[in-house]
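Take a look at the structure below.
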Amino acid sequence: MVKELFDKLHEECAVFGIYGNSEAAKMTYLGLYALQHRGQEGSGIVSSDGAKFHTEKGIGLVADIFTQDRLKKLPGSMAIGHNRYSTFGENTLKNVQPLIVNYARGTLALAHNGNLTNANMLRDELEAYGAIFQSSSDSEVIIHLIAHSKGDSLVDRITEALGRVRGAYSLLFLSEEGLIGVRDSYGVRPLVLGKLKESYVLASETSAFDLIEAEYIREIAPGEIVVINEKGVTSYTPFQKTPHAFCIFEHVYFAKPDSFIFGENVYAVRKRLGVELAREAPVEADVVIPVPDSGTSAALGYASGSGIPYEYGLIRNHYVGRTFIEPEQTIRHFGVKIKLNTVKEVLKGKRVIVIDDSLVRGTTSMKIVKMIRAAGAKEIHMRISSPMILSPCFYGINTPTKEELIASNHTVEDIRKFITADSLAYLSMDGLLRSAKSADPKEFCTACFTGTYPIPFPDRYRDQLFLFETKPN
Amino acid sequence: MVKELFDKLHEECAVFGIYGNSEAAKMTYLGLYALQHRGQEGSGIVSSDGAKFHTEKGIGLVADIFTQDRLKKLPGSMAIGHNRYSTFGENTLKNVQPLIVNYARGTLALAHNGNLTNANMLRDELEAYGAIFQSSSDSEVIIHLIAHSKGDSLVDRITEALGRVRGAYSLLFLSEEGLIGVRDSYGVRPLVLGKLKESYVLASETSAFDLIEAEYIREIAPGEIVVINEKGVTSYTPFQKTPHAFCIFEHVYFAKPDSFIFGENVYAVRKRLGVELAREAPVEADVVIPVPDSGTSAALGYASGSGIPYEYGLIRNHYVGRTFIEPEQTIRHFGVKIKLNTVKEVLKGKRVIVIDDSLVRGTTSMKIVKMIRAAGAKEIHMRISSPMILSPCFYGINTPTKEELIASNHTVEDIRKFITADSLAYLSMDGLLRSAKSADPKEFCTACFTGTYPIPFPDRYRDQLFLFETKPN
Amino acid sequence: MVKELFDKLHEECAVFGIYGNSEAAKMTYLGLYALQHRGQEGSGIVSSDGAKFHTEKGIGLVADIFTQDRLKKLPGSMAIGHNRYSTFGENTLKNVQPLIVNYARGTLALAHNGNLTNANMLRDELEAYGAIFQSSSDSEVIIHLIAHSKGDSLVDRITEALGRVRGAYSLLFLSEEGLIGVRDSYGVRPLVLGKLKESYVLASETSAFDLIEAEYIREIAPGEIVVINEKGVTSYTPFQKTPHAFCIFEHVYFAKPDSFIFGENVYAVRKRLGVELAREAPVEADVVIPVPDSGTSAALGYASGSGIPYEYGLIRNHYVGRTFIEPEQTIRHFGVKIKLNTVKEVLKGKRVIVIDDSLVRGTTSMKIVKMIRAAGAKEIHMRISSPMILSPCFYGINTPTKEELIASNHTVEDIRKFITADSLAYLSMDGLLRSAKSADPKEFCTACFTGTYPIPFPDRYRDQLFLFETKPN
Amino acid sequence: MVKELFDKLHEECAVFGIYGNSEAAKMTYLGLYALQHRGQEGSGIVSSDGAKFHTEKGIGLVADIFTQDRLKKLPGSMAIGHNRYSTFGENTLKNVQPLIVNYARGTLALAHNGNLTNANMLRDELEAYGAIFQSSSDSEVIIHLIAHSKGDSLVDRITEALGRVRGAYSLLFLSEEGLIGVRDSYGVRPLVLGKLKESYVLASETSAFDLIEAEYIREIAPGEIVVINEKGVTSYTPFQKTPHAFCIFEHVYFAKPDSFIFGENVYAVRKRLGVELAREAPVEADVVIPVPDSGTSAALGYASGSGIPYEYGLIRNHYVGRTFIEPEQTIRHFGVKIKLNTVKEVLKGKRVIVIDDSLVRGTTSMKIVKMIRAAGAKEIHMRISSPMILSPCFYGINTPTKEELIASNHTVEDIRKFITADSLAYLSMDGLLRSAKSADPKEFCTACFTGTYPIPFPDRYRDQLFLFETKPN
């Protein structure tokens, strides 16, 4: 509920862009494919030869949306693409990015990963001046601010527009003048630069580079604007400096294990979280099993840290579709059963440590514990490789509201009872920060675990935020 | 090429049936969902109240084919369903099972897992008598033989018809008289019986029971016919006894790890294969990694058997779709890259043991070895948790022809060179049979590894078979 | 109800075939397009180069079904096509023709215009011998009879098969050996032969020739089989001679006015029906208006015969679609209103003669009379340019059952009251036969107007037929 | 070419709106159905209960777009709808109206029939102030002008916005406050008001009222705004008075014959055009035939005026679809042949007068003359029931550019030769104006026949207009 004050849509997303490649749209398709885990609701690609712009968008998975025929309708040597997570009913296609508009200065396409915290306020203001919005997406505010800007160059106009927005953003623009990448001054979301022969690529994660065999160059720095055109890569840093606030949840859950994020490999960090967890919260047991695949890396770390054998006690169904039709006469919700099944031989009569990366509402963990119990486990010890999630994210991770976050208003013991485990432990905040070694602890955003939001809120919303709090952070 | 003498379509499939359930079609949908790994090309369900029969079929995945609307068109308290593997171009829908026909004695629907070896001969004969075939599926031969039979009861007619076919089959029939399950006298393909409250269920694997929370009762015995109707389950054993020939490849690769097959849990067998492999083919190394997910269970066994740390060096992309569009200017085929990516931190500078369940053509293994090498591995030791595949399967596993099976005409050293590994070893035949403990070694079909086919071939085809052989079996 | 004894599907249809044209499928598409008025439920084309056969079928209109892509999938220099009228719920695609089967002698495709009267009896018999039917179409019986025939040549087998069927048929076959056309010995349905450069064409009506600019050669004679292959056109007359029974309803309603049928132009016949009707049933009035477009030609004849001005008092909506959604709170059924609207200026205060070609159930005529009355007409005189329809057609026109045919159990005065007209008159039987000049009156089938069926019924059905009669014919 | 200076899209369209009906969307669907002849490219409906707004749009025909399911998604007691004519490639759905936007004052939907002549100029200006356009439709300019207006009430804002636009418009708005209808001060396009029980309806033509059985009340006056809400119908006339300019081409061709337009029935006017034409351009002949259906009413008038028999020499194919695939090896374009076929019996050896309503490019007339000649006509006399079309329409009729209008740069004799007729005559301007009796000749817009445009053009475009003229108007 609190969240609705700040945003219309939580944008947990992926962006990808390329300049100077004769197969720009196809490379973007591949990049989005490799970044599918960051957003599965819909995808879009805008391509251009610098004069004409072409758009293809759809609801669903990248591989289903982009057929050979649709890719053929995307000529040109530069392109940007976007995978989207959130869904808002029937009109979703309108909200699928990239957004593309014609305005007085030409054509502009935008792909946005992140979330603005003053979008509604800006939108109200823009509408008061007669602006007409096409979508309910935060990102459209940026476009309107650019259209209203009197700045001479596009970089000037982007700078002026972004000077007005608050929140987290890694942005890609495509215009007649080339490809532009921007990362907010806090650096909340990742954005990396690579090179594929003569072309430059920008992406949310390095796993997109691996698929197209591009070489990783560097991260886009917090507060940096890069303009990529026929002159190569030009860097601007027009924004005021702020502290860094790298989203630590990218390491905990969101990024792909094979990616290199904020200077470190995600799998390595996650495994260390498990080792750390074994040290902080040991328990005597017969087997360590992961909740696949979210807990897999940490479980392996826990097993190696504790010396308890690692086993597969839960098997994932690889063909889980979007829709699933349940029988009517069922008592239990099928939610977890269609994704996971137990291996009775592994669990029967055993003391089982179950590792997952996080615990949000608690209902899924409860179902998993019950499944394992039904398979004959003697004891079930749940271990979570991150701290308690106390507060919602306003910077682009789709967490539920405070009321729905079980840890925001329950003790560990309450939660243990709720999920029916024999014991439950979370990784400590220190343990988490120790494991993510590449940056100084102060450089991470830990708002979801601590309630300390690094980016200031606009005043008029701040009051309302605390109004809805059920306990102080 | 040889294979085409025997069959039109290799049917690597799943079957599911239920009797006496008010949500029969929905339960069948769930059962097929849980058996999706046995066939992803298309699925169908036939339901009935004993008078009218209803059919819905489609190309693709169960969850995509069956919408709420389509399931509503499947009323009745009994149903059978089928997942299909093979695909033969544009007319596939015609070949999606269950087959359903009206003949002189009423309506009959059929779902078939397995493969006949004398289908073409029987088809020629039936056509000579004026029969008109709808599909190119082997299974239709069974239907025509039943329609031509003069037997009094349906069980008589089924018995007479199956008396004429050769090959492997686990069959489900739906007729006005109820649900019928049949397993060939060799027991090549699995077929299990379960109970869900008052209703009986038949399925290819127990994982289908777990999802709908049905209780496992027993396997249908080789050569058994079970008729399920308002009188309960009636068992018939009208066929001549033959030796058993349980497909050992179900344990090696095909069945789901959480299933219980031929009297044993699949995951447990696979892990033992890895332990056995560590004993037979040890090598000094830093890490053991699986090819996910086919090699996962065996890799864990190898790691525990060898004491070498288990790691994830290859990360699977969970969103791999049916179609994938490659860039044109690429040198290397993307085949493996879109499914797997390396974790460089795990592999760099390491001596790596890679475990997979089998090695068919060798091309995939080669690509994997090259990916791991490119990620910086110092040594790469490929270990396969089954013996060399020498001969094609004629009983329902979709293996390529002899010429394409790299092991049928190359030595281990040849293959090692081809896949560019530093060493390569296969599990021995003895090791394999030792690991599958639930049955006597003689009770397994090992034709793909040995070339010894347990089910006699019709003479006229036998000669042709050897004609095409490139070396004696 | 009576009708169900004789047939499953009333096939009011069009057939088209071509041999020796490099664009055979496209020409067939055009031919079906020109014959769309004979069937709008679904269409199909089978093409061949003599070796491989290709099929495309769909539900709906020719122009919607056949895209450029689908036509490209129909290579080969010979083809047959079919438009279908009747619809039987969800499974219609199975019943869309051409039927195509593989049997012992090769491939055979069939397109059928007409209706068999002993199909059910033959089907029962064939099923007793083990035959399995794919569809509920009468026409499939012909295919099975051919498959069971031991005749040497295809013509022999067709002759043997057709020797067993009773009813009306104009048939096209496509086989490896070429294109074959057959017309039953009564000649109930039309079938014409044309020539387009080097290729030969067969069609239900000459309007198909006009569109593709083929030249009309002649009608296929009743009882004639023509085989068209690389040797040209070979004619066979193997059937026993019978009296002719040309369907006079083709002239009254079914054929297109620009076609040349049974030796005469349809528009010319229809206009004469109007002139004749003006002579037989004159009335003082201010205007003559047609029910568009069925009564248009006859109305013009009536106006010229009577000297009363011809006007358009009813305007047809050209965009009437298949589906139409009515408001719920409406009292009157919209059926006619969505197709026709009145021109008040033409009707207000006038004595109006309304001409239609036939009157089946009376409900449409009633709605038209009421619309005209509501538009201010002073008197409304309905004139029908054919006699009363007393009996259903069993030879391929989709008439309703006897009970639904208002004229089968009501007097003219009863019907006049029902449709609320000030007067009503039908053309006499003599008047009808006088107008269709090209054949001797005895050569026409007039069963729908007289109840005298020219083709004998199988005995076992005949009794049942009379059982259901509400009055003797 | 000239036209592109003035507009992006020529909007030859239909609008329909209803207020106070529990089946508002369904009634709108019916209204659009009855107005399908005014636009077949796409349709949309917006409905509302005064709070939420619902939109459904599609490409194609009304009956194909709106299924029962889609109509259910359109609740509320008020609605507006639109049929669209023009098509601009792949992005058409964006241009399908009603347009619907959220702006500072709430929600506003717009359906527009007509065409603006200063849309591009206004668009440039609005974009310079930062406005972002969604579509390439003229109509969006109106929405943006309203969004920028500071007027207190919606009527004030609409008045201010329309004060800036030039051109022809009959508009419907749907807002939280009710249904609003506007007709420009020239009254170029029709707009009529009706009543259906307690609800009010607005439509382009009265034929929409007939279908839903609404009662015709009156035309909306030129320059009138009507607001329909819970207080009933309130009329405003805020615009400066101008001369009237009723589009005479609505009577000649565009409106449906059963409609009542500008105070008169269309069929009656068209028939008088034929009578007048018979007087002005008589010729000795055997038959008068219409080009169906455009020339039908006038042909009947010509026949009655001349005493020469009226016949159907051209038969229309009622199943002409959107797409049509031609054979490749054809010499002649099939364009006309798929729509019309000749009746040889009517034409052979005859002197034929052919009547059509207008002659635009001449190519269709040429093909028709050639078809009639090929059918054996001895003489062919083309008569056109309107004057020569000299100039393009800028007010909403989709005429081609001046260069393509054959009459703008050829004499009657030139055109006669081009269409290969034996004689050709047009109706005179006086004859046309005499036939449309309901208004004073000066009250009609005759720009397409005279080049005299009644609505002043913005100066900067006027010069460019004359620049492109090939001869002075």
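Points worth noting:
Read from first to last, the chains carry the letters A, B, C and D; within each, the first residue is number 1.
Here is the rule we go by: contacts are C-beta pairs under 8 Å (C-beta built on N, C-alpha and C of every residue); 3 or more make two chains touch, one makes a residue touch a chain.
Treat the numbers as computed from the prediction; the structure is a model and nothing was measured.
Remark: chain B and chain C have CA centroids separated by 51 Å (rounded to whole angstrom). The distance from the centre of chain A to the centre of chain C, each centre being the mean of the chain's C-alpha atoms, comes to 63 Å.
If you average the CA atoms of chain C and of chain D, the two centres end up 37 Å from each other. Taken chain by chain, the contacts form a single closed ring in which each chain touches exactly two others. Chain pairs that touch, as defined above: A-B, A-D, B-C, C-D.
If you check the complex, the residues on chain C that touch chain B are 73, 90, 101-104, 124, 127-134, 143-144, 147-148. Against chain A, the residues of chain B that register as touching in their complex are 22-23, 26-27, 29-30, 33-34, 36-37, 40, 61-64, 66-68, 71, 207, 210-213, 256-258, 265, 267-268, 293, 296-297, 300, 304, 309-312, 315, 317-329, 334, 337-338, 341-346.
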